[in-house]
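We call the chains A, B, C and D, going by the order they appear; numbering starts again at 1 in every chain.
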Amino acid sequence: MWTTLEQIFPYAIVFTIPLLITALGALFSERSGVVNIGLDGLMIVGSFMGAFVASRLQEQYPNDAWVLWVGLLAAMAAGMLFSLLHAFASINLSANQIISGTAINLIAGALTIFLARNMTGSGNIRISTFAPFEVPLLSSIPIIGDLFFTRTYAVTWFVLLILVISTIALYKTPFGMRLRACGEHPHAAEAAGVRVQSMRYVGVMISGAFSGLGGAAILMTYSGEFNGNVSGLGFLALASLIFGQWRPLGVLAATFFFGFASTVANVSQVIPSLAVIPPVVLKVFPYVVTLIALVIFSKSSNAPKAVGEPFDSGKR
Amino acid sequence: MNMIKSLAAVLLGLAAGALLMALTGHNPAEGYKFLFEGGLKNPERIGNTLATATPLILTGLSVAFAFRTGLFNIGAAGQMLFGGFCATAVGHLVDLPRAVLLLLMVLVGFLGGALWALIPGILKARYNVHEVVSTIMMNWIAYWTVFYAIPSYFKGGSETESRQLPANALFHENWLSELFQGSYVNLGFFIAIISVLITGFLINRTTLGYELKAVGFNRHAAEYAGIAVKRSIVMSMFISGGIAGLAGVAQYAGNASSIQIGILPTQGFDGIAVALLGANAPLGVLVSAIFFGLLYSGRGFMNAMTEIPPEIADSIIAIIIYFAATSILIDRLYRKYKSRRAANKKQGG
Amino acid sequence: GCGSKPEEGATGGAGGEAPKASFTVGMVTDAGTIDDKSFNQGTYEGIERANKDFGTGLKYQKPAGTTEAEYTKEIGNLYDAGYKFIVTPGFKFETAIFKAQEKYKDAKFVLIDGAPNSGEPDAKPVVADNTVSIFFAEQESGFLAGVATALQLKEGEAGFIGGIQIPPVQKFNWGFQQGLNYANENLDTKVEIKKDNVVYQGTFDNVAAGGQLASQMYSNGVKVIFAAAGGVGVGAIQEAVTRAKGGDEVWIVGVDVDQYNDGVYGDKSVVLTSAVKKIDQAAYDMIKAETEGKFPGGQTLTLDAKSDGVGLPAENPNLSEEVLKQVDEVLEKIKSGEITVSAEQGDLLP
Amino acid sequence: MDYVVEMEGIRKEFPGIVANDDITLQLQKGEIHALLGENGAGKSTLMSILFGMYQPDRGRIRVKGKEVRIANPNVANKLGIGMVHQHFKLVEPFTVTENIILGSETRKFGLFLDVKRAAKRVGELSKQYGLNVDPYAKIEEISVGMQQRVEILKMLYRDAEVLIFDEPTAVLTPQEILDLQGIMKNLTNEGKSIILITHKLKEIKAVADRCTVIRRGKTIGTVQVAETSRETMAEMMVGRSVSFKVDKKESHPGETVLEVSSLTVKNSKKVDAVKSFNLNICAGEIVGIAGVDGNGQTELIEAITGLHKAESGSVLLNGKPIEDLSIRQRNESGIGHIPEDRHKRGLVLDYTLEENMILEVYNRPPYSKNGLLKPGVMRKHAEHIIESFDVRSGSGGRSVVRSLSGGNQQKAIIGREVERDPDLLIAVQPTRGLDVGSIEYIHRRLVEQRDKGKAVLLVSLELDEILNLSDRIAVINNGELVGIVHAAETNEQELGLMMAGYGKEEGSA
């Protein structure tokens, strides 16, 4: 059992990371007061842009890792740009935030494939990915070393760094305080001189950038190929955000939980001790356990109070 | 007046779509000509538009009903799949005169979808579990349940879909197909229309609708009024899920004749957009679903007749939805403005 | 870029060089895109090639869903727009073509991987005069890949990852196992496949699961995985590349098309060989036949090793000369009927 | 004259209504200037303009003699103008300090919040003005009065010179009101100037120097408070004379309607909020419950109406036990309830008046039959209430209740409950936030109920109201009944002592 755990742990982490960063981005958006169910689409956009940039650069610099970093940045930029569509609709036009998010999902899947085909000749773009590595020293720590520091990807550490920075930014800086105020009580923020609409723009754009990064992270770690979808991970990220109660560490726990449970479910088919369980049980396991966990933890909800409400400074 | 405004909103969307066509080097006028011809040109195409709209009417209605009672049912896909699965099971296993069988399938489909939504309903009412998460989870549970149940019990010619339903258990109707010249429009469309009417009636005219809406608007006031709040939440989800279940019946025993595994029906998510575009009103949903049906159904023709590739056609539709959605605002603002004006006039005078 | 070109042909092969055929070719895709490295892409490539050679024009339609109604609708759209030679890849089109061949008598249909039927239980295939139904002997392709794998690796463990348990995928699997067994018995190799290492993931698009499954198998000592699983296979290849870069000796056997390039790292590739099924050729040949007035309407063709419809890729940089020679010998025996590859499970692993 | 703020000829039009019409207001340095007007007269609008939330259509604003354009609250803050809004603008999950520094944060290393330093400054300010606020407390955990002081601190923290209070006392307890008045005096002593919006003439009398009265968006005049009687000010405000004393005949109590004995109720934190409470109310009398806010009134009422389950004890209505009945059954057996929070409990704001008027009876004939609503009957019912309770709204029964002013919302609730003709009418804070005209009206209707032989249970934080309306007064402190007194035989001082927990001998009167 232990060796199995050891083996699947790094994969669970790799699977968690895109979910984590996407949910974290959504946290910024929702904390600023804007629901973003367009995460799936934004991830796809990031995946496309990451693949496009990286594949082009890899033609020239086939073995350079910096190429991938450029791809990641491009993916973040693309996600951010695309999220402006959502920001504009939900902040300037006070449109229904859910419908504009849904539209984002619809547009992204179709448009990126079209662009991919026009720009590269194929709707699928392959790139060469990051290579996993062992963290020196740390990987030799008993137990933890095997679980957390072997077969790690640079992206993982990058995302965890963002998580730390985000947590600090959210709770220890004026920016974070203002952002949270906009999601809780935009009128209070306004009265205190905070520019609510700008903050919400920032929130949505961070969400766009992080989702883009999430999509590119899938591409540059375990998939290696853009193909116009991210298998509904955006919705799972949204669920993790709520499950994680809109807190960075909660989101970390929730996404890791999903990552771990789905990885177990995925590989169970080739683990003899688990293979005896009917496959349907294994496949629904992550979702059922989540429901149970929600029942246990979700007595109180910490949803930002004003999330989803268009801000109208005249209204009281 | 209202119709003109909604139309204006949709026109804005179409204009944005035109812009995209022009930007990608295609002729918008031609594109739209074929888009609409594709959905309306002849009776068959009209029939297909209605058939495409049928499950959308029902999922849209399901989402809209939940919205009206303060719930966001993002799980219509799973409810539709499971409801459709239950109805399919009945269609395979039960042998009854056709009319009775079809009614039974409708009933069981409704109950299957309702059951699937009941769980999030109970979790919400009893444990305050956010319905968005729980319905997303239920989607995947439905996906996998059906995924394994179909090959085990109703295996068809291939592993990825169920056996075809016997003709007795299908909603296809010859006179309808003939009327629409071979279109696959079927009795499901009438189920949808009837559901729209019943739901509209339920929401606006009955004490049950009054209760459910009151709970949606203000839980505390509903409690004060003596309404059983928790039961109402469960009831709302139950009905919403049931309507989504009907979408499954219409889809799998009407538009199709078998269930495919390995996909969540896209109508579940489209239903959200349909509901919101229809302003969450049953009749609005009907119109907006038919509009969606027209777009989806005409798209292929536009694609075949012009150089616009399918992906651009998809994007154009998405952009139309986006702009139509955002410009609903125009309408809303205008109405608000007018009503306030009227109100204040009276108050002031 | 070059991507905008496909559509140009649709007006009827405006590209000057090619002669203009008297008909235009349309295709309806199955679930997935035309870049799926599988039957959609293969079919499309065949049509593209035919367009170049005969100026047939080309157009593909992407249905909104995968129901018969939606397929029928797109076929109708193509027909109405004047595309009267229609190619559809995948068994899911069986019932749609069954109806279309009746409804559009003046159109021609090519159904790949399936035979038109009414869809009723125990329905008999009905291939009308305006339709050709094409099957492939995937098991022979899998068999050759199995033999090649065993010969190249000599000994070790093999695994199989399938997408969904559909007949073509199963036949690949069974053929592959028979190939390994044949080599072990006759060619002095020792490449085993264990029950635990034969899995169907359950989807064709779960990339993450593909990688995780492959990783688990490799960690359990599997050296080569035959991945017949679409996007799941993409994940598996990706995992193999990552491991290979790290110095492990792991291999993938590709499917449907030559996947060598998908497994490239540095100047090597993890793709040992691929069990190929020449869909593009089939599509091309049918169009060609039509231009020559020899469309084999009403027939059901099974493309096998003998007809060169299945086999290994032309180039196999990862296989040694020696191995290739032996594989060729086996191929000859299949062609001559000395070896028959069963398309049934028999006593093989599921 | 030395004015800190001058607003001249201000006009503000909302679609269809002129909220401010040529209003002039001049604020002297160091004064408390009251702004008086009916509900909807335009007071909040005028102040929102001064605070930069709205732009006036016409008119000039001068601050310290210099003409200014206040484009947004930030500009107002910079000009030294601060505002405590009628509905507090505080972020609930934040701490006091965080709320105060929001928008003008103290930083360390240029990038990070320096909450510690800010909290220290907040603590000092709090001490300087005697506000007694814990800088680290979370808003959702402190009392309303404390929240208000946080709002005040927010202004002081930003060095506001001009402080605007929009109906600051509507939500405060009598003690808190006294405290606030002290604080305001402190502030003016320190040289700050205050604009005070209130409906309570008594408070204007107590603290204000001058008072500007507006009616329907127009300035009626500015008076010296010391030289003007309450009656005069009220008349200026509503345009007719208003009586403050409630006319009521002597009561003739009949049968016992409500009998509460040894009732114990736990609050949401599982602490006993009501302890072995005993109370009788007879037909034809008004019993007031006096007490400082948060001493168990809410729980007591909720236990009687069924919104909250009692721990032990019994509640009899007309002699029949009701403690095991559902809310609906209690409603049906004769309880009417005017709830404390009209927005939270009393109304479905997005329903129309017609719909709201059947909130508790929608499931009964004649309003519905066989599960179907009867729109005709609903309309008539609503029209009846609108007419007999003078509920003013834009489109009559079809108006969405959200669009009604607070006073009219309250009148609608009272109408709904009175029309149900309950044996026991429970009225909790029935006149909170309303202008004197509306208060007078509502008081009359309550007394009318009594005179019709109904039992009325009145809960109010305002001693005036309790003393004016009640026949008997039960005083509650810390969940316990301190004593019951006859209204005619007691006074504010005695009640005040009892509310603080000093018992009166006789158990019941």
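Here are some notes:
Simple rule for what comes next: a contact is a pair of C-beta atoms (placed from the backbone, for glycine too) under 8 Å apart; a residue touches a chain by one contact, two chains touch by 3 or more.
Not measured: the values here are computed from a predicted model.
Chains that touch both chain A and chain C are the following: B. Between chain A and chain B the centroid-to-centroid distance comes to 28 Å (mean Cα coordinates, whole Å). Distance between chain centres (mean CA atoms), chain B to chain C: 36 Å.
Mean C-alpha position of chain B lies 45 Å from that of chain D. For chain B, residues touching at least two other chains, in rising order: 147, 309-311.
Under the contact definition stated at the top, not a single residue of chain D touches 2 or more other chains. Shown for chain C are the residues in touch with two or more other chains, namely 202. Across the assembly, chains come into contact as A-B, A-C, A-D, B-C, B-D. Per the touch definition, chain D reaches chain B in the complex via residues 14-18, 40, 305, 307, 326-331, 337, 339, 344-351, 355, 359-360, 362-363, 368, 371-373, 392-395, 399, 403.
Residue ranges of chain A in contact with chain C, taken from their complex: 7-8, 11, 15, 62-63, 113, 117-124, 126, 128-129, 131-132, 218, 222-225, 227-229, 231, 262-263, 266-267, 269-272, 275, 279, 283. Residue ranges of chain B in contact with chain C, taken from their complex: 38, 44, 48, 51-52, 147, 151, 156-161, 163-164, 182, 184, 251, 255-258, 260-263, 265-266, 296-297, 299-301, 303-305, 307, 309-311.
Those residues of chain B that touch chain A in the complex are listed here as 72, 74, 119, 123, 127-130, 132-134, 136-138, 140-141, 144-145, 147-149, 264, 269, 272-273, 276-277, 309-315, 317-319, 321-322, 325-329.
Of all residues in chain C, those touching chain B in their complex are 7, 10-11, 26, 31, 59-69, 72-74, 76-78, 80-81, 83, 91-92, 94-95, 103, 117, 119-121, 164-167, 202-204.
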